[in-house]
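One structure below.
Letters A, B, C, D and E mark the chains in the order given here, with residues in each chain numbered from 1 onward.
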Amino acid sequence: MMAAPLLKTSGLNAWYGESHVLHGIDIEIAEGELITLLGRNGAGRTTTLRAIMGMVSRRTGSVTIRGREFIDIADHRIAPLGGIGYCPEERGIFASLNVEENLMLPPSVGKDGMSLDEIYRMFPNLKEVRKRMGTRLSGGEQQMLAIARILRTGAKLLLLDEITEGLAPVIVKALGEAIMRLKAQGYTIVLVEQNFRFAAPLADRHYVIEHGRVIDRIEGGDVAASMDRLNHYLSV
Amino acid sequence: MTKPASSHQTLDQAGEFAESVPHEKLARSRAAQAVLWVLLIAAVLFAPAVLYPVFVMQLLCFALFACAFNLLIGFTGLLSFGHAAFFGGAAYICGHVVKVWGLPPLLGILGGGVFAAALGYVVGSLAIRRQGIYFAMITLALAQIVYFLALQLPFTGGENGLQGIPRGTLFGLDLNSPLPMYYFVAAIFLAGFLIIYRTIHSPFGQVLQAIRENEPRARSLGYNVDRFKLIAFVLSASLAGVAGSTKAIVFQFASLTDAHWQMSGEVILMTLIGGMGTIFGPVVGSVVIITLQHYLADIGSWVQVVIGAIFIVSVLLFRRGIVGELARMLKISSV
Amino acid sequence: MLKLLLAQGMLGLNNGVFYAMMSLGLAVIFGLLNVVNFAHGALYMLGAFVALILYTYVGLWFGLSGFHIGFWPALILTPIIVGGFGMLIERFLLRWLYKFDPIYSLLLTFGVTLVLQGLFVNIFSASGTPYPGMPDALKGVVNLGFMMFPKFRLFAIVFSLIVCLIVWYVIERTKVGALLRAGTENPELVKAFGVNVPLMVTLTFGFGTGLAGLAGVLAAPIYSVSPLMGADLIIIIFAVVVIGGMGSIMGAVVSGIALGLIEGVTKVFYAPAANTVIFFLMVIVLLVRPSGLFGREG
Amino acid sequence: MSDFILEATDLSRSFGGFMAVRNVNLKIARGSIHALIGPNGAGKTTMFNLLTKFITPSSGTITFNGRNITHLKPEEIANLGIVRSFQISAVFPHLTALENVRIALQKRLDVSYQFWRSRKILSTLDGEALGRLDQVGLKRFAHVPAVELPYGRKRALEIATTLGLEPELMLLDEPTQGMGSEDVGQVADLIKRVSVGRTIIMVEHNLGVVSKLADAITVLSRGEVLAEGTYEQVSKNPAVMEAYMGIKAEEVA
Amino acid sequence: DGVSNDVVKIGVLGDMSGVYSTGFSGDGAVAAVKMAVEDFGGTVLGKKIEVISADHQNKADVASATARQWIDQDHVDMITDLTNSAVGLAVQQLASEKKVITMNTGSASADLTGKACTKYGIHYGYDTNALSTGTASAVMKNGGDSWYFITADYAFGHALQKATTAVVEKMGGKVLGSSDVPLASTDFSSYLLQAQSSGAKVVGLANAGQDTVNSIKQAHEFGLTSAGQQLAGMLVTIADVKALGTDVAKGLNFTVGWYWNQDDASRAWKEKYMKYSNGAAPTFIHAADYSLTMAYLKAVKAAGTDDPDAVRAELGKAKIDDFFAKGGQIRADGLLEHDMYLVQVQDATKDPWDVVKVVQTIPGKDAYASLKDGGCPLVK
């Protein structure tokens, strides 16, 4: 049994315009946990995160954070009220801002976010390039920047979407280490990943999503036993 | 792959091409087009029987102008905000050729067209170096230079304009009488319209569409994109010039109004209202606008307010224009 | 000759600061919202009319014949009113077009221009009306040695320069600018960071148009207030902005002033060319530096 | 004729002060599949852009079949038989699959500037276009607008279009990026199939695909060539292992 | 014979909203024409008299298109006002080709009855020659013998500058230069500086309406007059003087075709007119509009038809002697020759519209070019 969930969705439905993408997503995560959302392309994992952030045309059902209902909260108030940091799939580095401006951009959403110093200690590469325009960075640097950016805000609940996509193995490895460290520091993390090998050792629990529904839920400890099932879902 | 957060409708998607649609739609579109062609030709032939011929001639000139403009915006994806330079500039040249050199009007119109083509070559070469909104601004600035030349050069008559251009004769017919003049203008319009239609449905037009849809890809397939754009630009400019020259003969007048940037705005408006990237849209658009201007003339400068409001509403709600929206409702192709 | 050069230079500077303030507003709106605001000239005209209306008509409407709202209050009120009007345009019209090609917002504001100009031509006639509210303190001339220069114009120059500086500072040197730029690039994400982007966009548009309104008030006592006063100005301003580099705040200010001066000096040598010189320069700049003098590449 | 179809000598490109590609020498053997790999930001896409002249090199020369092509324009490069694909899929969205391919075939008819002729003459190409589509398994989608095709099929269409030009040298930028594993396999097979009789250069992060397809590999890192050789050679190279795979790297790099 | 289409239609084609809409054209002109029709009785030869009007926005092309339609479609019998010489020249030529009488009051260019004269074109009220004769010689007599012109850059401005130059040079003066300014400019400062640095004693304003008002105002603003230069407005109306205020305009000399306070008949007419015009006093152009409408209707009546040839012949026959024109005569070239008046701005009197006093009457034959010198090719 787990502690009272920090974030819980139940019956979450979401639409992009006319198209109904999520058909009732139920997930929960307790403070300090790390869960992953797995699934094939187009299953609706990204949309789940976006729906939590209010970044869809319409959403229904329930999203509670620390016990508070968020489904009717205006989209720009979700991050501050929920203390959430969202790292989008496409990284969302701003081309017209340099690295440091990118870092400083998101307003604080919680107490004791990391200072610039701490961030540069965690990602020394960023310090080297801090005056370079955002999109001139290499893919890996952009990815680091996207994560660092939300750590600064004091968000303790992180929604991370495909942070390893298109990255060289060397950087994937480094990111894995960074995530481990964050988890150790008590951050609560929702991870969307294609790269199961990356996600498996990190997660407390996996949710498998297909066609906008959670079709399975696998506890971290059971992964080895459930490998066949997983392979089938993901057809790896 | 990362998906765009929201689907973007670009200018390119305002129109669509016949052969990119399923076959039954294609058949229906063919039928609709045939009907439209018949209607258009009938209207052009018989309009002067019911309407004031000068008014219809004015319509035809602007319709040709808008069709020429549409070749760029609708089928090449280039917004020129300086097309008045070709329309007005050619009008002066035509006027000069006919009035001062004493050549027949047909040669005057030809001269205007050739001049506009040359001007189009210069403006086009400069402008196609940039895209989108920058392209629009550059054409606007270059057209301003043309405007100031029209104001300053002695032969244009400055603010007075070039007045009293004789209509002369065509193959012995006196163009001062309304009907010969009318059918002369109608012939020019239909010829211009045909050229545009053919261009759009030519191998060249096919490449233009490819460029509009994905320029880097067209380039990577070995198409000299700039050259295609430039040819389309020159073609459009010269037809705009023919339209302006013809108008100069009809009204026996070439003036700054025709070269002013507001004229560039007006032709955009006509095209937008009728439907960018549709074959018949610009004709419909110019009929709507000119008719409004004509019949609302009594309310004076309120016309401008009405037209501005129409502009706003069509940008907000009917970006496909009248013909585009109709085609969508009837599920036929508008090209 | 030198005297004339200096004198025309002063007038050029006078025009230049207007160009600067106008293109600044346009650049703020373009650089941050990616909207080419064709209505900028019309809003400048609106600013001048608001000043005139405050002075002449408000009293009449309320039956207080001696009641005028003078220049100084107008200097504050007008930008607010015009900016507010701009915000309405943004909120109710432009907002629906951000997801389409920027050409549509250009066309929309073009329509707005037609409507505004048409309305004012109808109400106030196309000919100008002089603005009677020039404050006494700014009447009269200053002897600059090489010319007599009206005090008011001197005031307009200094005042505009200060405004430009402040705006430049706020946008380039504070987080506001960064937020705005980010908000244009990816509004959804900035929203997800907890910023009320639509409000911010509305305020920015209001701010940019407010600048046009401010230029309008400053122009009212100098030129006569007429519905078409912004019609040709907007085209010049476009050229200024393209030369400066679209969206560059610095570029707008510097090239605005520089082009005013160049125009003024051209008048000494070959007056008819003065109107065209800006467009020639624009062509040259575009040939040499396609992204404008201060524009970012690409 | 030399065994190398394409040679780049001392190729460099800087953006502002930043050298994205520095003194790269590259030789591509005729008829091979040559992979370009390396960490993000190594300069792979930039290399592609340089080779196809979408950007101009700051210095260095490129020769193709012994001919210096350093100063040609992108479309001239393409007309020589060097055709590229893009990192993001590049189709003409509102043309049907058939029309997409036909745009490439049309070049051969030499009518593209003829605005006075009817488009109907293009239908002589339909047969061949269908053949091309068949080759990549898209025949039944011939009349579907490209925009409606799923992602993997768009990539296939892109390849079919590229093949329409009968390129001697094809450059593919991350052809499998963002694909589900089932699509990845298909595209890899496709590349293998069409590589017959031509040379292919590809950028790819998916090492599975690289190991399966590539005859030779060049590893770029920080704009420079880090290693060259076959998959076996390169994957055992310690420098590559450290810089690319991150094996042995202790900290975040 | 008889009346075509059973109606006599008069078209007032003017600048209804632009720089010339007060004082010259606009509502004031339409009011004068309508007043004349009413005074005439509303009918002629038993047929209704109809007045239509349109705004040409100071654009010759708009004017000519409107006139073309008026003639082709609406069967207008006479077109008047035609303020702005570019408009006047265009419409007069077009109308004459189509055999329609034009009676031009608004536009000033002497070319209308000079080298561009036409068979059915009449110019009524004033022209550039008449304006310059009185004003320029008055200024020359005061020692203003070197001139710089600020000229409206179109037919009118150039004609006025040419006519004034002729007078100045004939009297031994010199013209040092000129600046052409687009119609409806709002900023004259740089041209004024140019004028200042030319060192000319007189800055001649060959413009009108709003343009004149703005240039005089800005000349004051930049201290031109306090530095000793003299302004000469070549075409000024009392509406302009009102707009400037008598303190700014004080001392200005200019020429008019009529002034309301010159005699009893005129005063009486003014009183009546002000009821039609929302309380604005008539300028001499408005008076001319009334006078010419009367003259035209009388000619129709006398001819017993609205046939243009007959009416034109009638118009040339009768002497025109009313409150407006003294000893007036429409000549073969179409010009109405009548007396002009040199006036000077005076301090305000108890009537707010009494802004000038007449200092000199210039007999018609001195004011205008003679038939021979006019250069009309129709009269040989």
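By definition in this document, a contact is a pair of C-beta atoms (placed from the backbone, for glycine too) under 8 Å apart; a residue touches a chain by one contact, two chains touch by 3 or more.
On a predicted model such as this, the values are computed, not experimentally measured, just so you know.
Hopping across touching chains, the smallest step count from subunit D to subunit E is 2. The chains touching subunit B as well as subunit E are C. Farthest from subunit A, judged by the mean position of CA atoms in each chain, is E.
Greatest Cα centroid separation from subunit C: this falls to D. Separating the CA-averaged centres of subunit B and subunit C is a span of 32 Å.
Averaging Cα coordinates per chain places subunit B and subunit D 40 Å apart. Each chain gets one centre point, the mean of its Cα atoms, and the points for subunit C and subunit D are 49 Å apart. Contacts with at least two other chains are made by residues 121, 126, 186, 188, 272 of subunit C. Residue numbers of subunit A whose C-beta contacts span two or more other chains: 55, 165. Annotation for subunit D: residues 151, 177-179 touch two or more other chains. For subunit D in complex with subunit B, the touching residues are 52, 54, 73-79, 83-86, 88-96, 99, 102-104, 106-107, 109, 111-119, 121-122, 143, 145, 151, 161-162, 165, 177-179.
Against subunit C, the residues of subunit E that register as touching in their complex are 17-22, 57, 179-180, 184, 186-187, 189-191, 193-194, 197, 209-210, 213-214, 217, 221-223, 226-227, 243. Looking at the complex, you find that subunit B touches subunit C at residues 5-6, 8-11, 79, 126, 129-130, 132-134, 136-138, 140-142, 144-145, 148-149, 152, 261-262, 265, 268, 272, 300-312, 315-316, 319. Residues of subunit A that touch subunit C in their complex: 53-55, 75-80, 86, 88, 92, 94-97, 101-102, 104-107, 109, 153. Chain contact summary for the complex, subunit C toward subunit A: residues 175, 178-179, 181-182, 184-186, 188-197, 296.
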